[in-house]
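Here is the structure we will look at, set down as structure tokens.
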Amino acid sequence: MNHLASGPEPSPDFLQLDRNEALSLLRSMVRIRRFEEKCAELYAAGKIRGFLHLYIGEEAIAAGVMPLLDADDAIVSTYREHGHALLRGVPPGAVMAEMFGKVQGCSRGRGGSMHLFDVSKRFYGGNAIVAGGIPIALGLALADKMQGRRHVTACLFGDGAVAEGEFHESMNLAALWKLPVLFLCENNQYAMGTAIDRYESEQNLALKAQSYRMGVERVDGMDVLAVRAATRRGLELVRGGGGPWFIELVTYRFRAHSAYDPELYRSKDEVKQWRKRDPIVLFEALASERGLVGPDDKVVIEQEIDAEVAAAVAFAEAGSLEPVGDLTKDVCASRGTP
Amino acid sequence: MPSLGADMDAGTLVEWHVGPGTVVKRGDVVALVETDKGIVEVEIWESGTIDAVLVAPGTKVPVGTVLATTRADGAPTPATAAPPAVLNPPVSPAAPHAEVRASPAAKQLAREQGIDVTKLHGTGPHDTVTRADVERAVGATATGAPATSPEHERMQAPPPPAAAAERPSGIDTAGMRRAIAAAMARSKREIPHYYLSADIDLAATIAWLEGDNARRPVTERILLAALLLKATASAIREVPEINGHFVDGVFRPSSAAHLGVAISLRQGGLIAPAIHDVQDKSVAEVQIALRDLVARTRVGRLRSSEMSDPTLTVTNLGDQGVESVFGVIYPPQVALVGFGRVVERPWASGGMLGVRPIVTATLSADHRVSDGHRGGVFLAAVNRLLQRPEEL
Amino acid sequence: MSTINRDAVRQTILDALSSVAPEADLASLDPKAALRETLDLDSMDFLNFVIALHKALGTDVPERDYAKLATLESCVEYLVTHGR
Amino acid sequence: MTNGTAAPARKTTYREAVRAALREALRSDERVFLMGEDVGRYGGSYACSLGLLEEFGPERVRDTPLSEAAFVGAGIGAAMAGMRPIVEIMTVNFSLLALDQILNNAATLRHMSGGQVGVPLVIRMATGAGRQVAAQHSHSLENFYAHIPGLKVLAPATIEDARGMLATALEDPDPVILFEHAMLYPVEGELAADAGAVPIDRAAIRRAGKDATIIAYGGTVAKSLAAAQTLAERGVDAEVIDLRTLRPLDDDTIVASVTRTRRAVIVDEGWRTGSLAAEVCARIVEKAFYDLDAPIARVCTEEVPIPYAKHLEEAALPQPAKIVDAVLGTMGEAGHG
């Protein structure tokens, strides 16, 4: 069964929205937005180093998907995974401390922004190798299936990954072995500095997955309700044992590929056009139009989130460094000698 | 100047979009900065009013430099200091050792056994000297046991200058040379030497010695050197001011005669370890101690006490054909006794002219502690004692 | 006096010399050269040499005969004639 | 080295020993499953898994598409989630397609995640040359993997090790890579009926000797023993060490031997530059410099893609004659006595 939805249709999901759900979706997106903005500031101040890939503009996907996953479902993500981690429940302080290189970080300061891990929440990391995480997702799903566990593995990746061999090998193997994986392709139109029309012969990425006889859907990644509805459908099918499901979420990142770059590859005007469809702005308009959310709700949300972000930064600042003596700890489990 | 990339150390301010007095809010783009990758818009993270612009367009400044300050909110534009990169000074390689074609194992054993590898025939690859070659040279019956024994003593140069830094178990001839040179220079600088000599007729001494040796098995045969050492020790009782140490401006006489015996190492180098308490030893005991000391010196097995506390050194280099020896005192000792080669010379005794075996005894001494008269008394005592060897 | 005995004595002398002067190049020793000078033997070395000969051959060389051991050749002669 | 009271040994081959190890692993632990190209219906490219599909079924003996990155990555993921997969990569030559998954995920996850997740995965690969299958099927790249912290790398050279290493590797909480030299599969020999798991952290002295130490692993152990035999006939008593573990290297056994013999010749089917032999050489110099009586010698594959023609392939590979020459070279005159 494949369902090539081209644009947002009024789905039952849309009608059942109540005030609490509206507030929760809005808070989810604003939490990510403010957290990422603070990261940009801290990077400029030299507190966060290395590479930093921000999720600003794509918040609707994390907000639409993460709350629907069960606690025992597994997640494999990419280096643009702050939003995924936060909404999966990885504490903001642990994420910020990780970017400060502190041992209180969710990967003890060893992973940094691109390698956030929290195995207690089956969040099997960021991964800095484009498409590098997809085969792992297959394995997690294979193990669940072989051990009779009805879990889903959510595998998030960008449009750039679709050009990697590992993507095609994995799509085939997943479909062939009917592995319980929900593939979520965040198509933000660019592979770093290369627009999709300059690196993909076929830009409808869902079609690629479909060619491996896998159920697919293409969704407006800026509409949090549409994302949620599609995810709900996909999860039902995968959890039902129907094998893998692929959703292409068409979205856009408002800031540079990583931290700061001159964005020579796109025009200011294009960015301006996409900003008009800012997922937070869209949803605020819809929710207030339906009387679900008022202006003072937004003030309360902003205050709560500013406090949460400030607390996260304080936690990171107060963190300590891992003793150098532990450098080779955990290279191996046994005897510790690498 | 914000950090705009993992590999960015500095940036050039291209253009200001604001000036003093402009009101700004968080997130506004306030300037353009040029990085290696191109021009990037720079936001301000504090709302407020621009107070002063500190960096002019076209200036390149390191990350962390304050570009502008704001009023009302008071907090200046955030500045972060980029830690200066500290370059470690390149380490100069150690001076290369003189090139000797011998394997490390060979060199190590050679150092321990005081063997000069350059004199050995190499049977290793490319005719290099191997450990087996050195073992043959040491003549040790190599039973596979390593030649170096665990209780091996460390060798030191004779006077107590800073010992040459060398592997603890080996004699570093180069290091020893340096140590001797330093001691000699210091001795010459600090000690006002005076020198005396006296010829001694050894006819009676040698006659007694040959008779005594004829009665002894060859392994217990006594050398003339033992008699000379014993005479020296006994003479000290009459002139104690030539036996002891001069330290920090004060002379400390020694009740014991720990006589340093100058022994030449077979391939160059000179060491003067002590025979302890010669005054309490019989001539036969001095001979045994002397033989043992020479053997152990040649294989580098000396105790540190033998090195550090001779109270007077006796050099018997006469053995090598030099008739009179005026040596340099080893600090902190205060004298040095020398015996030249025994020479058949015309000699008048009791009005009769004859040919006698003569040895020239010499004394170098420290004028701060003794004087020529007392030195003369000492040499006369040595002479007298040697005339009645049986009483030594 | 058969040559075998002479060669054996000669080898014993060389062994005794090498134990006293291990680094010496005995292979190229001139039989007529003065041992004490060429091999740089002091009185202690010479005494050890005499003791080594005593252990190997059982002969006791008295001090007065030291002069007869001046060279390798004279040593051989002396020991062949005085050997037991 | 069999102890006196071992059960009666029986004739077998290296290949059958590998198969017995696989069968025992699948039987004794539900979490274990075998995955790789042609491991099921075809019975394994080197027939190591013949009969296992019939005995354990398609769920636990899984033929895969030709997608090394995908199925090795899947093996990693499954290990992370509680399984104990054995992934067979047909030969080390094809493992380069999966090197990203092995290096960036398998070897790295435990440390990079701050110790939160391990990868108890075993990967088996054939390696080495000698069958005239030319360059692209004849590489010996063990050192690529022995370079990577987070992995253990083994080279079973004997039938006993082929039978016993897999079980120990499966117990290890970290990824283990087993290199089986292609020329060893048909080798016949004795194996105790009750042969089982063997330790994997020690090298083995296959022949004691006092004049020189020959250090080898995998396919070059037999050649080194042959060389030692020839040397014995020429009065040179050579010791032969079988490394068995390429990471971590058993420095103690290597250094103790070289300290005794004072001479070392390292035999490695990899190319000389940046080879495992170079690493062993460096460790001997670092730890036994003062005991060396001759420069360390290496006998490696010539720096050339392995040629097809028989005479050229033999010329390229380490051979007993080259090992003999290298040992004699370290002996100097003593060697030609």
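For this structure, a couple of remarks:
In order of appearance the chains are A, B, C and D, and numbering begins at 1 in each one.
Simple rule for what comes next: a contact is a pair of C-beta atoms (placed from the backbone, for glycine too) under 8 Å apart; a residue touches a chain by one contact, two chains touch by 3 or more.
In this text the structure is predicted, and so the values were computed from the model without any measurement.
Of all chains displayed, D has the C-alpha centre closest to the centre of the whole protein C-alpha set.
Each chain gets one centre point, the mean of its Cα atoms, and the points for subunit A and subunit B are 70 Å apart.
Separating the CA-averaged centres of subunit A and subunit C is a span of 95 Å. In terms of their C-alpha centroids, the spacing between subunit B and subunit C amounts to 37 Å.
Once the centre of each chain is set as its mean CA position, subunit A and subunit D turn out to be 42 Å apart.
Taken as a graph of touching chains, this assembly has some other topology, since it is neither a line, a ring, a star nor fully connected. Pairs of chains meeting the touch criterion are A-B, A-D, B-C, B-D. Subunit B makes touch with subunit D in their complex at residues 103-106, 108, 122-128, 130-132. Interface residues of subunit D facing subunit A in the complex, by the touch rule stated above, are 33, 59, 62, 64-65, 67, 69-83, 85, 97, 100-101, 104-105, 109-118, 149-150, 152, 172-174, 248. Across the complex, subunit D meets subunit B through its residues 262, 289-295, 329-334.
The touching residues of subunit C, when paired with subunit B in their complex, are 18-19, 21-23, 25, 40, 42-44, 47-48, 50-51, 54, 60-64. The touching residues of subunit B, when paired with subunit C in their complex, are 115-116, 119-120, 137-139, 209-210, 213-214, 217-219, 221, 223-225, 264, 266-267, 290-291, 294-295, 319-320.
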